[in-house]
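Below: the structure, in structure tokens.
Order of writing sets the chain letters: A, B, C and D. Residues in each chain are counted from 1.
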């Protein structure tokens, strides 16, 4: 889906190419439940819900303006398989069993959020994290390792989009973005 | 789909991240017929066919070894909505009306292939071209413009994948790849 | 030299990393005369002149505001081995024999400028071209080949600089820039 | 200086573009003494010594094969202002006061090496670190901060070099490299 199709405010939005790479890593066609943490404009959740009509999508977002945008986008795209939770993550009374989770923003609670997600994820469930902040990249990799996540992978995406400049075209760069993906390992007794 | 899931020979394969970005631009969920030109290992076609069970996929590939690989992959993934055509493109007696087309390799016939694709594409049909060669990028943009294609866009993808090195990890770069997408405009009488 | 040391207006300036890579390709320590075409803020010329006190530097720049900036920068850095020529390139009555030339901006006259530079360059003289525009990259490579330049090389530089964001740091990307370098071949009778 | 001018074995060598960016950050023209830690083929030291005839260059390298290569390169380029120390860093009885230091390889002793360099560096002395390993990037930034280094900057360089492929050219990427630079702050009593 093109970025321009989303209703956007001043809330930062995951860009099209990053969104699609992240969604791919989430492998949602084989999932029933998906939690999106730090939903922003909700572009990840919206596209996840639209592409997978049988998926139950939960979006946690604490920012009022962002929540309004998500709801506007849900209306625009007539999304019915998605629920927005206006809270700070972790949300202790959210108990849904998850096939997939995505962290797009952590507001400084990265460790707590990852530990919480680990409890919610099913065996072999997939977690994807997006970040542009170097320290978040480092901490994520460290915490995921400590918490026993498996098949930890990371792609750095330097995407640039062709844009007009004078009579020609140049490549306007997006921010270098890290896309981390991993699996909740098998349960061990 | 991960690259490692494909049976690969020495035939170059579109890498996972590039494949998924290209498939996204093709917007196949809204299409009925898709032609993949220069199929290589067939990874684009295979993933297109797997994700869209109602899509009819045609793959043109002239290289014997590549055709064998494509067929092996079709068997592995039990693909039934895909047909391989062992020919040099353009294939004059291929007359299918197309919703989508992809050029992954042109063997020096870029202009002929684009002109031929233009004749096959339906109104508003989408063409996506992948290239790493600078001259192919330039020629493609030029020819697409001359032939009246619309909404010509291009993304340059510099993707690097985290890999182990000693006790740490570094980012191993893929070749910078250009992903061009455009639309066959409305028919004018 | 850091970008912030230069007096800058609204004129675009070659960024530190690109400037230093370009200067390196110019190999100015082995040169006596250097022409900078499309000087902008003059950062290439200024740094060339400062680092090589015996080098005679000529800067051609047609934009009034840019010329003022160059002169302010010359004053600031007390440059004496540099001359600014306020003209459109090519400047037909400029007849200096050149060891090195740099094209940072061509104002649409790329072919004429390259042909003119070729006449001015000594045997084995070096020409470096910077561009961010795809069409300029393509045309430059094409014209340089046609005009018989040798050892044509090109580096694409995707540089990103660490900047604070919240409590952390991210990498802010510069525009992808192409640095072309080549040699005026040996004179053939 | 071009990479091909160096005598190379199997020892990894800092590539031309990375070397020149690193040398620039070192600002050697305003220095008298320079220490290169983990010299590899010595390309940084050699180019530093060649460009700055009055600079005293010290290279610490523990690998026998690398030390031989450095010495061969010193002979080739007739370097006289450079001394090779075959040791593991930190080298406790090396007591030279330093204007500049470069860490190209740390063999797992990063913290000890940075602390040791800090003791050797003069007030306002510059330290530059090159790395491709993510963990080294992170640790370096952390240690430099803890040790009170100032003006910590970092550039990520994604450089790709044009190379022939069939009848055209593509951009072959170098490994993404981080170039960290910082200053030993003012001495405080």
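One rule holds for everything that comes next: a contact is a pair of C-beta atoms (placed from the backbone, for glycine too) under 8 Å apart; a residue touches a chain by one contact, two chains touch by 3 or more.
Everything numeric here is computed off the predicted structure, so don't read it as measured data.
Chemist: Starting from the defined contact criterion, work out which chains touch subunit B and subunit D both, please.
Modeler: A, C
Chemist: For the Cα fit of subunit B against subunit C, please give the angle of the superposing rotation, nearest 5 degrees.
Modeler: Between subunit B and subunit C, the superposition angle is 180 degrees.
Chemist: Based on CA centres, what chain would you say lies at the far end from subunit A?
Modeler: C
Chemist: Among B-C, C-D or A-C, which pair gives essentially the same interface as B-D, with more than half of the residue-number contact pairs in common?
Modeler: A-C
Chemist: How big is the gap, in whole Å, between where the Cα atoms of subunit A centre and where those of subunit D centre?
Modeler: Those two chain centres are 39 Å apart.
Chemist: How many angstrom between the C-alpha centroids of subunit B and subunit A?
Modeler: Roughly 27 Å, centre to centre.
Chemist: Find every residue in subunit C that makes contact with two or more other chains and list them.
Modeler: 134-135, 141, 156, 158, 160, 162, 169, 171, 176
Chemist: Under the stated contact criterion, what part of subunit D meets subunit B in this complex?
Modeler: Subunit D reaches subunit B through residues 108, 132-136, 158, 160, 162, 165-176.
Chemist: Enumerate the contact residues on subunit D facing subunit C in the complex.
Modeler: Where subunit D meets subunit C, its residues are 16-17, 20-21, 24, 29, 51, 141, 153-162, 169, 171.
Chemist: Touching subunit D in the complex: which residues of subunit A?
Modeler: Touch residues, subunit A against subunit D: 134-135, 137-138, 141, 156, 158, 176.
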